[in-house]
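Lettered A, B, C and D in written order, each chain numbered from 1.
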Amino acid sequence: MLDQTTTASHLESVQTQFETVRAFTESLCEPLEVDDFGLQAMAETSPVKWHLAHTSWFFETFILKRYERGFKPYNPQYEYLFNSYYNAVGQQFPRPQRHLLSRPTVSEVFEYRQFITSKIVNLLKSLTSEQYDEALSLVVLGINHEQQHQELLLTDLKYNLYQNPLMPHYRKTNDDNVSLYRKPVEHDWLRFQPGLAVIGKDVEADVNSEFGFDNESPQHQHYLNGFELGNRLVTNAEYMEFIEHGGYECSEFWLSDGWDVRQQKQWHAPLYWFKDGGLWYHYTLAGVKPVNDDDPLAHVSYYEADAFASWKGARLPTEQEWEVAARNQPVKGRFVDAYYLKPVQATEADDKLLQLYGELWQWTSSSYSPYPGYKPLAGAVGEYNGKFMANQFVLKGGSCATSKDHIRSTYRNFFYPEARWQFSGIRLARDL
Amino acid sequence: MLDQTTTASHLESVQTQFETVRAFTESLCEPLEVDDFGLQAMAETSPVKWHLAHTSWFFETFILKRYERGFKPYNPQYEYLFNSYYNAVGQQFPRPQRHLLSRPTVSEVFEYRQFITSKIVNLLKSLTSEQYDEALSLVVLGINHEQQHQELLLTDLKYNLYQNPLMPHYRKTNDDNVSLYRKPVEHDWLRFQPGLAVIGKDVEADVNSEFGFDNESPQHQHYLNGFELGNRLVTNAEYMEFIEHGGYECSEFWLSDGWDVRQQKQWHAPLYWFKDGGLWYHYTLAGVKPVNDDDPLAHVSYYEADAFASWKGARLPTEQEWEVAARNQPVKGRFVDAYYLKPVQATEADDKLLQLYGELWQWTSSSYSPYPGYKPLAGAVGEYNGKFMANQFVLKGGSCATSKDHIRSTYRNFFYPEARWQFSGIRLARDL
Amino acid sequence: MLDQTTTASHLESVQTQFETVRAFTESLCEPLEVDDFGLQAMAETSPVKWHLAHTSWFFETFILKRYERGFKPYNPQYEYLFNSYYNAVGQQFPRPQRHLLSRPTVSEVFEYRQFITSKIVNLLKSLTSEQYDEALSLVVLGINHEQQHQELLLTDLKYNLYQNPLMPHYRKTNDDNVSLYRKPVEHDWLRFQPGLAVIGKDVEADVNSEFGFDNESPQHQHYLNGFELGNRLVTNAEYMEFIEHGGYECSEFWLSDGWDVRQQKQWHAPLYWFKDGGLWYHYTLAGVKPVNDDDPLAHVSYYEADAFASWKGARLPTEQEWEVAARNQPVKGRFVDAYYLKPVQATEADDKLLQLYGELWQWTSSSYSPYPGYKPLAGAVGEYNGKFMANQFVLKGGSCATSKDHIRSTYRNFFYPEARWQFSGIRLARDL
Amino acid sequence: MLDQTTTASHLESVQTQFETVRAFTESLCEPLEVDDFGLQAMAETSPVKWHLAHTSWFFETFILKRYERGFKPYNPQYEYLFNSYYNAVGQQFPRPQRHLLSRPTVSEVFEYRQFITSKIVNLLKSLTSEQYDEALSLVVLGINHEQQHQELLLTDLKYNLYQNPLMPHYRKTNDDNVSLYRKPVEHDWLRFQPGLAVIGKDVEADVNSEFGFDNESPQHQHYLNGFELGNRLVTNAEYMEFIEHGGYECSEFWLSDGWDVRQQKQWHAPLYWFKDGGLWYHYTLAGVKPVNDDDPLAHVSYYEADAFASWKGARLPTEQEWEVAARNQPVKGRFVDAYYLKPVQATEADDKLLQLYGELWQWTSSSYSPYPGYKPLAGAVGEYNGKFMANQFVLKGGSCATSKDHIRSTYRNFFYPEARWQFSGIRLARDL
């Protein structure tokens, strides 16, 4: 049992983090018009308004409902409207129709957020010692869940605004201040020796240990052959070469399923790219910009990443290779609060392994599967990571839309191989 | 050539009508939240915002662009965004994606409307005598076009709001003030003798004659067998009988295509109806209400109307039969500006032929086809009525969402036989 | 009541017709391999085997089941397998899956046919006088039903064989013997005066009168404006001009629904046409052939027919116009038993109105609707013509795949406007 | 370099195997009617005729075309018609339309087979020593490829015949001779210790070594935690419990994607199962039979296998766990040439690990991915295993439709997780 001082300090730290994260979500909405909050261009993207409400629903459903004395739902229908996929909680409003919820209005959703935020703050102050550990774990889970939705809010918004031929921008970003020419970093290979590696982290019930999702555990051994890893992300210029050499027309570089998707969706370039007057442009959260040669290539699917790697005579790293390489590196990069909101070229040539974090999620060749001995969280809240362990691939590293205190080397993000609307890019690997 | 006084008075009358109709469109939006303007639940329904912009685009494209000296488009991209289906004008933004246009914002669209309204008013004042006739015809066409969109704005909105489990209402309506019990009118048959009838109206270039759409002309002869027509619309109680007698489960009453649609869409009752605790309720623009026995049945497809009529041993009238019966009747009813916004039971038992106008569009058994000798309007504006002359059925009469000065006995509305979201109902007919 | 001699002679004539038609169906299968009998390339086309079985099922279900003493079904599951769309009879095996019925085998189906044929012949000999009229009417209906399926068997087969890149032919046809050059007939307009016309025929219960389907009755009056009709069908050369002048790229000539279909299905020419080395070829039942300039254009949809007519400044005739023009003309042409199996150019320049029958079904602008006073046949057999009276268009005239004794001026064929796999062509009309 | 005697003996052995396998394919067709050869009920299943032709095409394209002097294609269009997915060879006739190829006829396809078989036999006799190694490797690859298609021929046929409500059987099978009651084997757990394991086999260019597909190599190390494996396959009785306890209605046991598929396809039991009078029956290649309690459960998807394991508090084995357990076990079972053609209950209780081979393919929890250092075969023939390494899961063991000399512990079969038409079943595993 922890002494009271530690507890108090820990509690305060969680409360601060909670309030900061809640406020940050709202600050992300500042540049938006009311008209923008309901946009949903495909089932996979949710309206901003829905993200705002759902993250509140999470705290209400998994924490207030359980620990608040005399709990009454804020609005009994919200349980249905803002449940994402928790079958144990109940039915869900159909995902592709979230854009049809003009009510509650944006301002009603902000009121709902305020209400839940205060309720949680109050609850934190009144937890009994029996509740303390579990409740705090859930709040920390809710904070991390909300950070995930912050990133989705931005990537979904980018996709949704992009459908408008007016190509409205979300906000001016910081990269406009960066000086125009910087010497690009040459691509190089870093070598890693074979051997048994320790992968993942043990996620403890102890609320004082660093947070990790259940899918990162348990820690276990994994044998790795020797391999080499690219020192930086693949650049736009490198990918343009692939395009110009007919990469999108040669089935031989593509996985069979990837080629089918490419045919069906008529892919000829990464998402958001288009050519005008012989030059490549792309849509960014700051509007349409020329594609910079030396910036990291973003918004490719797993299929494109894999085809590019094949064409290069290389391959994508496994998630274990990436983790072994990253484990002892510091978590640094241009995270979401830097407001670059797009990846920027590598420059820090003094480091060997560049752009691990804070630029782009990096596709690995690893299918998203349970680690040996994996157990999902108990209860309804456990319908989180485990139920998606088929047909998706692991991405590592975190992007320019991720929070710094949300990411670590053991973090396993996952998406379907055809997904392109995330900030996803490529780091190459090859066998020794 | 008309004398100057007549012209001035006519011009003034058109200008008044124009300003009134434009203002009425805007007044219809008063009860809405900004959040509501972008809703689009199916390709056939457009967002309120889009209706607001498209009706302005119509005046800009077909009138200002042609007659205004030094015309410059308000925004060159609006031509693409707010074109509905005029191929001669250019490409159109895909209809099912209109809900993705968060920009221009609602307030920008209102600014656009104001701008176009003033421009047209100014133009009217400065027309040359060469322009006069044609330009005024087009303004009158634009006014009638906007009135059509006023009705669609309401029917689309009803459908779109209905998707939300919160079932938000649009506005309180006048029927709440009506006294609760009124003696219902018995169904009766009115007899019409066989003979050659004159159908349609000649739409003149002369701007002083009453307006008519091109599809109502030319006037022509049509031979009719003797027939009988129902004195009033079919009521909810009569339709409930059909439901209770298994009308939705017996293919024998249904057209083959209708039965397929019913199977596929799992129809068991009219649109907006649901049962709760053994009682029928329906969603109205004033929210959820009990279904009143004696109110006219609304929101059925042609297929349901036809199946009901078969079950009754009757049939739907042809458009010619309806027109012959209505020709000498006054145009009276509860039109959109009465704000009932739902059909109300027949009471005026002193009239023989009740509820011709201002309650519900009445499905006829007539496929929407060109009248003998039909010619569409010249130019791009002619892509209006003629191009839809396949696969649709004619409806007559105008509804509680129609303007009184928009409707007449020769008016031909048309929809696909599976459409249910209009204020559409049933009047029966049978052979002598 | 008829005297016995008349009855005997009538009975004999029906029996002869019955046996002839049954045998002709089977003779149509002679050129086929067993492999061919199961082909089904789209839901609308049925396998040859299915046509063979379904036409027997019709006689079994509507006649034997009703009149045969001690009737037992040949195979109780056939009622489900070979029912087309008669809901009153029971459920139907799903239409798009008919190709999955490898059993009963082809030879089992031929056995089934033989069995039913003999049973009907026996039944005819043993009818009581109470049964006589009704039963004979049904046999005649069954004969006409089978003749319809003979035509479908050929048009479906053509479509199904065409999917095979080997482009197998069905059989060599008689047109190969026709001398190569014949002077084409110039297109001319024949004039018809306005007035009331008598349309349709009264279909009598009296079994001795000429057969007609229920949808041709009752005879009624219809007022026609004056009009002109093309003296012959539109030729391939005339249609090629339409293609070359960009007819398939100009939406202005097309109905809105037609343009949508054309976009979606990427139509650039009639069905079965393709270009090779700058020349047009088409697939025929005799294999691939060059497109002859002067032969009638075949295999167009209503939408193409209508677009072509618009481009020509003409229109399609109404079904009443066609019928009035044809009423006093002899029924002559190259019918199915001539084994041309494709339309051939007009040459008989001494007749004024050419190619009315036996070349191509001619699209009319008339939606397929009930005639005034129409009543479907009583009982399950009445689920035949009436239930399709929505969304289809009437075709007149009969084709090179129709039987001569099956066609007449009042005959109303009907197909959806996008259908192209029938032998359908164009005759133009215009207003006086 | 091998001496001549070895070479001759090896050559003779390959030729014998080649002729045996070719003849066996044809013998599998003996019970069929010509009508059956073209059936194709879904894109994933191919007609029997297509399997017969495609396996010949494989030998023609990859061997004769390369090594035969003066090679001429048997029919130049067959390259297009019977290419499965080899983009490097050229375009492919669309897979879902294979049922439309009534030509070549069945007898023409058998002629084609004979022709290719003789040509290969002749070629084997005339190989130069330069050609010898590579050509023989390709023939062995072709033999193994044909064995795969033998199994698919049977599983596809089962699925295709099943669509017919007549439920025709393929052939009487041997299990009808098995005595009715045998004592079932209790489910037990076998324990395996943690440690580094050697996985896969090195596939050598040396034609004398045992054959293996490229995806089984290279041999590599893999660290395994301790685990337990079920001693036998899951039985029908065990799975019925899952059904009866609502396994198909509880989303909590299912992967998210699996639950979606289950909802969409309305799964309530394994493929081929149906209930009649309270008893379970299933369709087998010998027709409809009662489901035997103690027979192994077959025809479940990965999703069902995974849900069942979750419900049991167990999991599916990884492919490495299965391989480690099987490595030293003999390859014995009821393979295809025993003509059971369905799995049969475990009885050999003296063995500890039962039913490894020759009953059912066993789903593993391993996504089908490249082994570390994996390289596909060079050339067009390399478009075989590597291009499918996404979205599929590995199955181990071989089934009652597999050839004994085709299977081994390192063999990796793979299917999409929703596939149910293979002979696929469940073996459970759990952590130590």
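Here is the rule we go by: a residue touches a chain if its C-beta (ideal position, glycine included) is under 8 Å from a C-beta of that chain, and two chains touch if they have at least 3 such contacts.
Being a predicted model, the structure only gives us computed values, none of them experimental.
Distances between chain centres, each the mean of the C-alpha atoms, put C farthest from chain A. The geometric centre of chain A is 61 Å away from that of chain C, both derived from CA atoms.
Chain B has its Cα centroid 48 Å from the Cα centroid of chain A. In whole angstrom, the spacing between the mean C-alpha positions of chain A and chain D is 38. Within chain C, no positions touching two or more other chains are listed.
If the chains shown are joined wherever they touch, the resulting network closes on itself as one ring, and no chain has more or fewer than two partners.
Every pair of chains that touch is listed here: A-B, A-D, B-C, C-D.
Interface of chain C with chain D (complex): residues 33-39, 41, 49, 77, 80-81, 93, 97, 99-106, 160-161, 163-166, 168. Taken together, the chain B residues at the contact with chain C in this complex read 85, 87-88, 196, 220-225, 251-252, 254-259, 302-303, 306, 315, 365-367, 369-370, 372-373, 383, 387-391, 393, 417, 431.
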